[in-house]
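Two complexes come next, and they have one chain in common, subunit A, joined by subunit B in the first and subunit C in the second.
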Partner chain A sequence: MASLACPRCLRRSLQDLETTATAIRPQRAAFSTSPSLSANPPKKKAVVAKPSTRQGSALRLTKNTRATNTRPPAVGERKELRKKVVLSNTNALEVLGLNDLSKENLSSDALHALEAKVMGFGDTSVDRLRALKAFKPTQGWNLFRRPASLVRKETTHLLGDIEWVEAGQGSRTVRKVLYGERGSGKSVLQLQALAMASLKGWFVIHIPEAMDLTIAHTSYQPVTTPGGPTRYAQAHFACKLLRNIRDANNHLLSNLRISGEHDIPGQLKPGASLLGLVDVGVKEPARAWPVWQILWEELTLPSAQSKGGPRPPIMFTMDGIDHIMRLSAYLNAEAQPIHAHDLLLPRHFIELLSGRETLPNGGMVLGAVSESNRAASHTLDHALARNEAIQNELTPPAWDPWVKYDKNVQDAMEGVGVQRLQGLSKEEARGIMEYYARSGLIRKAVTSGLISEAWTLAGGGIIGEIEKGTVKARV
Partner chain B sequence: MESSTIRRGVRRAIAACQNTPKRRTLHQSARCLATPAQGEGVKAAAPIRFRSDRNQFSKGRPRAQLIEEGDGGSFRRGRDGRDGENRILKNIRIVPASPSYFTATPKMTDDMLHLSQLLRRYQTLPVLPPGEAPRVAWKTRQQYKIEVLEPVRAKDYNMILTLLKRLNYIHPSLIPAEVTQTLEKYKRLVQPHLNKPKPIEIDQYGRAKAVGKRKTSTAAVFLVEGDGQCLINNKSLTNYFGRLHDRESALWGLKATERLDKYNVWALVRGGGLTGQADAIALGVGKALLAHEPDLKPALRKAGVLTRDPRRVERKKPGKLKARKMPAWVKR
Partner chain C sequence: MVFIFGVNFLEGALVNRSLRSFYGIGPKVCEGLMARFHIHKTARIRDLSDKQINNMAGELSTMTLENDLRRQVQDNIKRLRDMGSYRGRRHAMGLPVRGQRTRTQILTARKLNRVERKT
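Moving on, here comes the complex of A and B:
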């Protein structure tokens, strides 16, 4: 028998081996391990169909035959193409005088003066944001020469929050949920927050799609707490997240040292840098969750107590939190759906968001609701409406006694700040449309008539719709 | 001999062809309606004085003669009173009151003659500029036919209509009562053009409300001066219409007149699909905008947001799969 191994690549040979092996092996009882010694059973007389005179039901023309010389896409290739983030378009015009967000203009007053103007992201910022997977393929970054975003009123407010946290010397935390219409700029505002925090020297963590945590596409394992309920850790996701964090916060991690005593798996010295710690988790998914816990313990050590250098404030953001405000697609041992708050990683975010776990060095927990792939969570909807009313000192809508609410979500959202994103003002719309024009994406003159038209047709200045209507629409 | 006849005929034909304008005028004058001279109505002939001579109207010797059987017949004696009458009847020639009595359609002909007489009489009165005559729904030919009980041809009735329309053009301040009365006779009982829609008014809050419809959608639109905000069924425009095209068509009246940033729209829309709803809103916005700025009428008319599109789904018919679609042809 000829060898099945392919001389060129092992992979294909293995595949061949698998497929041919099953095809060749004679049928026998699955329980027996002994080789079948008996002769092959006599073959049944095959009923040979009479070759029909017809050539086929369909008319065969040369046009009908498909070209088969192209190879089919590999596993995951199309998804990769779909998720690819392109941040530059060499055909777009370079916008002259486009300033970057930098440490110099990162104060409330400076940024307030820059409102309704477009600011670019510097190279380091772009690298860090890219590492965090904060750019999304649908946000139209591929239309412009380099990534830039509009400074809107809410951006300045967010910077005000960051400054407020910093002024508190570690005692203050901002916990917020962004919501609003589809395309109103929630994710980009989160991205701006990450960029600003990163420039301020904060430790940034971002979960770009909460959906990935709950749709049962990543591994999970039960973690029993003594006397407590069963929780579930998602090792592979934690591993990926640690890699993102390591790439985005490399400069911080390499400077911070492990200060406490930990049962660290692997051969890490007590005074090693946190980068080494994270690397352990990145390398082995099985250790990712313990590493995450240790990392968190280290980061939240009060700066006064830590021997490994002052701990920075933390910016922890998550996009699409509506997906973790409901039952997940995972099943427990009783084949009942697991609540997303019982998954340890989402739970950690929820603990921080609800304020049950504190950030001793200060920081910001920022969630954003996704509207384009909205998970049904009526408790979250009601909680958002309630919190906004409370925030604006209005009478909050009561919990309906006839509706079954999710207790976990109710508790988690108690006292969380909410910010509703609405459309741009006309000034901001002018700023972004002038940027489009200077990038060569609008050929017409940007007049007040054109701006107000785009503003109205975009449902009152919803920025995603402005972009769709003016830049992406093909006339 | 033959050749000369042919030559003459050809010559005549050429002459006739060359003098076409002349011929036409001649022809036209011939087609004019013969109406009595001015001032004289249609009159009956003068009364005839009868004599005892039976052959009073004959010229020369009668071709046949009635021979009477003696004067003292029992038949005549019995009815003395009618004697004279009968005698007259024998001599009488009954003349109809209308000169068009012997046409196939005397009433219609009379009407036509009367109208043309009126027109001839008042031809010199000043008329309204073209297109500004009061809109009148004239009786249809069917209605007129039933009224006069005569077979009226479409061509003839069109001639009557032409006369009526011309008379209707006489300036309303100078139109004689006679003409008005005559025209009344030809008007339909219900005049749809007199049903004027109520003008849209702007209420105390500055809102103009208008209703627009398209297919099965109905939209109530409130238009108020503002800065270009728009709410449809309490949702924003982008939330309600996912397609950019629908958004544009809903506000087309404002966009076409460059008023997008000057008004706020608040609309309630029911029924139908999204495209129908968008067009219904467009019609409502157009009408409401007209209430705010009547001068925009030509621009809005040009933008196509003032006219209701009357098309509906065509009903399904028996024997067909849909309104028109026939089932597939099957060979038995």
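Moving on, here comes the complex of A and C:
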């Protein structure tokens, strides 16, 4: 490449200078002799202020204001959304060949053959369970096309209990508390018990959250008996409960007639149906508790004595009974806390559970307690451990003489059956995971490896954790 | 609107909050009052029965509340002042009464400690 410099004077080529100068110097005539100073000096660029980073002179706060084009939620709207129970998901696949729990397969033998399989609930069952508020929003019903549940070993046992009660023709009652860790299926087992009992024509009563009875969020009125202790009725809660019962047991209530002589509030004639009686309590909270008492008296009339039709066995269940095994948040007139056993409705359940009050037509009293995130009631904990040890013919743990136990709870839990719910077996885990797959919620092939993995990660087959790990988790 | 002790309360107002709006009823007194008439924690004014409202009004009228209570407090301070006690003098000077330091942090004393105490 030729050099641009002149070889004689070692200066750079003029032409090259000219060409480069044009780019950097202001334009002027190339051979002008006039001094460059006489020409107008090139205009200096006007100094432009550097734009500041902040736009506008005032601090804008509008950016921080919340958009108000949406209306604020109405009173109770958010709670309604939180408590909403969705029982169907149209995006889930319909499981072909999913059988319903029905009268035909409700025998121990038939159900035993169906163990580790998923069974659906029929429309009638669903309506009744929904009326009882037995479905909870925390359970995964909203993932599947229609409500169904796994038949596990414990379900068959419960059906065995139901059959045992029926075989006794009124002389037998099962009193039991289910307990187990979170997600182990206690509430769903209660729900299955309610569904099976309802199919068998039992009268079903369910209190979905015992907490609602004791946290002092519903009205209470003292009821004094002459010479006796003061107890407290919860009119508004009783009213709500009566409504649930009426909706769930409509078919039974409309066929049963009032048989005894009662001081019936309202315009009811002696031979009226029990449905009319319950309606009185549903309409007026002030009458709900007396109506509950009369209803109970009527239902527990021995069938042989009742003129208003044979009385059915009763299934009475309550979830979260830890809350009624301690002092409640209600205060008596002296501002001292009231024991939950002095509230009439929980007391009624406790009387039945402890066996102090009997069910002449037979029945089942079923409580459920979680082992995690629950109200502190160390007497209940101890009683559960004791009863389980006695049941399994082991040495029961002794009552610690240095600990102050709750005498009410001690007495109530004496002789109550307990059942600790543990994880599923591998076969049951296979049954439920295959159901997930058939509902389109697991895309992978359900192999024994996958089942083992899910079972182990779920703390040994805790069903709630299996669901969480396989269906609800999105990685 | 429900009229209790000279004040009209909205139907939807919490009983707990309504009662505590009176000078002389704080959380503890309110709890005792509500327990006495078997009113639960989350009750609203509309949930009260006539009997409960009447009983409550009767009970409130026997209590020293509002201006009577304010006057009582002022009288107590005045008595201290008239005796010429140290506490009375400190009230008159608007300074802390119970031996607190005065170098800093006496805003509350300046606000409250008067012979004619306002609140």
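Rule of thumb we're sticking to: the second predicted complex is superposed on the first by the 409 of 475 C-alpha atoms of A that agree within 3 Å, B and C clash if a C-alpha of one lies under 4 Å from a C-alpha of the other, contacts with A are read in each partner's own complex, and residues count from 1 in each chain.
To be clear about the criterion, contacts are C-beta pairs under 8 Å (C-beta built on N, C-alpha and C of every residue); 3 or more make two chains touch, one makes a residue touch a chain.
Bear in mind the structure is a predicted one, so any value in this text is a computation, not a measurement.
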{"item": "Subunit C versus subunit B on the shared subunit A, clash or fit after superposition", "value": "fit"}
{"item": "Which superposed partner A:Pro401 touches (first subunit B, second subunit C, both, neither)", "value": "neither"}
{"item": "Which of subunit B and subunit C A:Pro72 touches, first, second, both or neither", "value": "neither"}
{"item": "Partner with the higher number of touched subunit A residues, subunit C or subunit B", "value": "B"}
{"item": "Which of subunit B and subunit C A:Leu331 touches, first, second, both or neither", "value": "second"}
{"item": "Which superposed partner A:Ser452 touches (first subunit B, second subunit C, both, neither)", "value": "first"}
{"item": "Which superposed partner A:Gly469 touches (first subunit B, second subunit C, both, neither)", "value": "first"}
{"item": "Shortest CA-CA distance in Å separating subunit B from subunit C in the superposed model", "value": "26"}
{"item": "Residues of subunit A that lie at the interface with subunit B and also at the interface with subunit C", "value": "none"}
{"item": "Contact footprint of subunit A on subunit B as seen in their complex", "value": "227-230, 236-239, 244, 247-248, 251, 255, 258, 260-261"}
{"item": "Subunit A residues touching subunit B - in the complex, by the definition given at the top", "value": "181-183, 426, 448-449, 452-453, 455-460, 462, 465, 468-469, 473"}
{"item": "Subunit C-facing residues of subunit A, complex", "value": "216-222, 232, 329-335"}
{"item": "Of all residues in subunit C, those that touch subunit A in their complex", "value": "31-32, 34-36, 38, 40-43, 47"}
